[in-house]
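As structure tokens, here come the structures.
You will see two complexes here that share chain A, one where it goes with chain B and one where it goes with chain C.
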Partner chain A sequence: MGRFKTALINEIEKLYKRKKLVVALIISFIIIILGQLIILGVNRGFGIRGVGSMEFPMLVLSVVVNTILPLFTALVAIDSFSGEFSNNTMKIALTRPVTRLKFFTAKITAILLFVLFNLLFVMVLSTLAGLIFNANSFTLRGVIDIIVSYLVTLLPMLVLTLVIVVFTNILRSGVGVFFLSIFVFIILKALGMVFSRYSGILFTSMLDWYKLFTISPLPILKIANKFSMMVGYVIILFTTGYYLFDKKEF
Partner chain B sequence: MKLKKKTAMLISLAVGVFLFGSTALAEIASKGGYEQMKDALKITADNMATKMKSYTTDMSFVMKDNGNVIYSDNIVTKIDVSKKVEEITETRVDGNKKFESFRYRDRERYINYNSDQDVYYVHELSGSGKEDVFLPNQNPFKQKEAADIERIVDAFVGNLKDYVVVSQNSDGSKELSGTLSESQIPALVNAIVSFQFKNEFGYRASLGNGIPRMTKDIYVKEIKGKMVVDKNGIVQSVLGTGILYGKDDNDKEHNITFEVLGKLTNVNSTTVKKPDLTGKKVEKIVSPSENGVGNPESYIGTYKNNIVIQKDGKFIKIGERIVEITSFDGKNISGKYREEYLKGYENYASSGIKEYTFSGPLEKGGFGGRVNIQDSTGSSGMCFVSIHPSIPKINLNPETIKTNMNDYDGEFNRVFE
Partner chain C sequence: MEKVIEIKNLTKVFKNGRGITDINLDIHRGEIFGFLGPNGSGKTTTMKIMTGLMKPDSGDVKILGHSVLEDFEKAMEKVGCIIETAESYPYLTAYENLKQFSRYYKNVDDDRINEVLELTGIIKYKNEKPRKFSLGMKQRLGIAAAILSKPEVIILDEPLNGLDVEGMLDMRNLIKSLAERENTTFFISSHLIHDVELTCTHIGILYNGKLLNVDTTRNILNNYASLENYFVSEVETNGKV
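Moving on to the complex of A and B:
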């Protein structure tokens, strides 16, 4: 476990040094400010309330989860794998006394921590913005909904991360992986719209699964079903990703 | 060691595939509340269009402002498909104003009544019009575009379909319901609805005098829906409720509640009776049927319009065009046309002809046709005649013989002596 921890800290440090985190946070910040400005404009201009303070973080989440969050997750994941393949820094890391499984897991954990940090940042900032600028409708239920919604989004993001990791282990070029990921993302989104009957099994439609947690009464069966489907995804993708990573010659 | 790792990977892959496969299958196979709702609507529409012999629908719409009813509308429709009889009763209360209307229709007649006029208008039907008036119910899901529209709606509804909850009753019937609170309604939908409402009621009073003019902080607070489906899958009632919040110019808060309730009752046991009109104000109207004008003799007579010119920036009447219908039996029409000029304006007379006779058949089943015209000198041509189906008006437009075309007016009104 000690070795895993060292590998993880090492990965986090690398991730932090690449400055992607800062860029992601700045863009999230800009989106929140822009969103808030649009809503204030709508309120003053059209006399429509737009959103209440509790709805604003949800609105931001629904935008972020389908745009910048997958985008930056892809960038970070590609950096972490393809980037190191091409820079040949992967060799150095692998010479350390840590198994490839632990190393692979550490990398994914680091990416996940990045996603979590980004989500929490957006959550806190949008809640604050919502409280300051919007008609006050603060409720405990609202706060719980917000926290749960942001946290459960981590699971579909893990699925997405693993999909990209599998791609990085198949294609050599980081740019190739990036465009492939975006292509697949858009295609699956479109397929989900056309064949809405089957959209439930596509991982792109699971990004919105946090909405299930705001329904009352809580649709436990549906949540359990979605959860085990995502766990299924995670196991398949993790195993495939690790298999490819393990076979790789450096 | 190598083998063990491979086995572990295979096992884990198998577990993953199993987990994903089983849940994915469950996801596809299970019909969620939304799918069940669509099925119920389809079954009901199909039954109404093909199987049900008679039924009663009861639709009502109520609007409340902070709990006080400001507008209500109730429409009860009784339909007997086998006898081709239909009766529609509407009661509307708008503020303090009450309005009632009644419509009855069978193969022989239709009867209209509204409380504003307090007269029963009885339209007796004739000819092939008898059958055509009654259109069979169309199943909206069988229309050509239905499948595409359904797909668009599905995509639009998206994840909202998860909000439909099903509760099964012991007698086989079930209740589908869903509640969307403000944070669950997509922000865009909320904004559009609020904006529409403001546009509709914020400035002008098109309907509902009691509706407050809300101008600030408008938003949709809640949307609720409930549908009761019987054991045969037929919708028995649908209830929709929406709450809109907003402030008026004086910062007074308003919660506007909209309620729509639809019920389907008395399937195959609805009877529609011809209303008893004894002692009521009745007006008979013989309406035009497919065979053309209803009462052709009544159109025989004189029709006129003015010959008008523009002079010194004013309209001046210089004479009259007079049309006399001498005979009309619904098919053939004949008559005379002449122009009479006032004293001093004779020189304005058309360079062409001032007088001609016309005669010929109208188009079959129509209200107009091209007929022959002939003037006193013997030259002839064609002219388009048309008869207004319900009011005493005719149109006469010569095609070949020149009249004062620039200011020619072909519309003639009946002259009553």
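Moving on to the complex of A and C:
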């Protein structure tokens, strides 16, 4: 456990120093401000009610979870694996007293912490923006919905991260992985729309699963179904990713 | 004498037919072992297997009694190494790079980091990022990282790459003093035959993936005018030249 912790601290430091986190936070900030300005414009210009203060963070989440969050997750995952493969820096840590399993898990955990931090940042900022610019008042149920929705989004993002990590361990080029990830993402989204009956099994449709947590009464069976599906994906993808990583020679 | 590195029946053959075949080698505590061989003879492959960067087709390597295949963490606990090229994270400073490595060991604090930076002559570049470093400076940083944890075994693949004359002398003195003062065991590969002659206490010759012979430098120099003559003779004896 000690060696895993060390590898995790090192990965977090590397992630922080590469400035990707700062860029992600700045872009998230701009999107929230732009979103809020558009809503204000619609509200004042056309007299149409945009969203209430409780709905704004959820609106932001629905945009972020399908756009910049997968994009930055992909960039960070590609940097963490393909970047280190091509710069030949992967061997720096691999020749230290830490097993590949711990090192691989530390890398995934660091990416996941990046996603979590980004989600929490967007949540706090969009909640504040919603509170300042929109008229409706907050309710406790609303606040809980927001927190739960943002937190549960971490699970589909883990699936997405692992898909990209598997790609990074198959393809040599980081650019190749990036375009393949975008291609697969778009194809799966399109398939989900065309064959909506079967969209439930595609992980891209699971990015919106947080909406299930805002329904009253809570659709427990549907949540359990999606949760099991995602856990299944995580187990398969983690095992595949680790198998490929462990077989790699440097 | 205590065996520090045990290589048993190590074989790794690539698709192109190159690689290493049935390498057997024991290295004892305090030895400075020079691994001599031409380009493509399998030196780096052997060292990559020794440090877990590659897996062998068959055979095993034990370092301080622990197999690198079965008990990697224990095997690498007291090992420092540079394999192929001395790499560092270009976006971290020299200090931050060493700090990353230091977290894996209990006995390494900031004083030790400063000490190795001083020893390798790059203390004044402590807060600079290696992307601005010359090849020689990167090599010095790599050596600083390799000796950081005061390892009992140091594996160096072409450690003099990119170093100027002063750097080579410094490095030779550093290796010799660590072996003498702290009984550190070295496993060094090099194609700089003269430097191997001056630095190493034991020499093994690798040719076409096979270990031809292992002997002490003293014995070799008693029987041959120079290490170069010995190398040519060994290769000729085995019908390769």
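Here is the rule we use: the second predicted complex is superposed on the first by the 250 of 250 C-alpha atoms of A that agree within 3 Å, B and C clash if a C-alpha of one lies under 4 Å from a C-alpha of the other, contacts with A are read in each partner's own complex, and residues count from 1 in each chain.
Just so it is clear, a residue touches a chain if its C-beta (ideal position, glycine included) is under 8 Å from a C-beta of that chain, and two chains touch if they have at least 3 such contacts.
Computed from a prediction, not measured in an experiment: that's the story for all the values here.
Engineer: Chain B or chain C: which reaches more residues on chain A?
Structural biologist: B
Engineer: For A:Tyr198, decide between first (touching chain B), second (touching chain C), both and neither.
Structural biologist: A:Tyr198 sits against chain B, while chain C stays out of touch.
Engineer: May I ask you to decide whether A:Gly142 touches chain B, chain C, both, or neither, giving the answer as first, second, both or neither?
Structural biologist: Touch status of A:Gly142: first partner only.
Engineer: Mind pulling up the chain C residues that touch chain A in the complex?
Structural biologist: Residue list for chain C touching chain A: 48, 51-55, 72-74, 76-77, 79, 81, 83-85, 87-92, 96, 100-101, 103-104, 145.
Engineer: Enumerate the contact residues on chain A facing chain B in the complex.
Structural biologist: 42-43, 46-52, 54-55, 58-59, 62, 135, 137, 142, 145, 193-194, 196-198, 200-201, 205, 208, 211-212, 214-217, 219, 222, 225-226, 228-229, 231-240, 242-243, 246
Engineer: Under the definition above, what is the set of chain B residues touching chain A in their complex?
Structural biologist: 5, 9, 12-13, 15-21, 23-24, 26-28, 32, 151, 154-155, 157-159, 162-163, 165, 179, 182-184, 186-187, 190-191, 194-195, 198, 202, 214-219, 245-246
Engineer: Where on chain A is chain C touching in the complex?
Structural biologist: Going through chain A, the ones touching chain C are 3, 6, 9-10, 13-14, 17-18, 87-89, 91-100, 247, 249-250.
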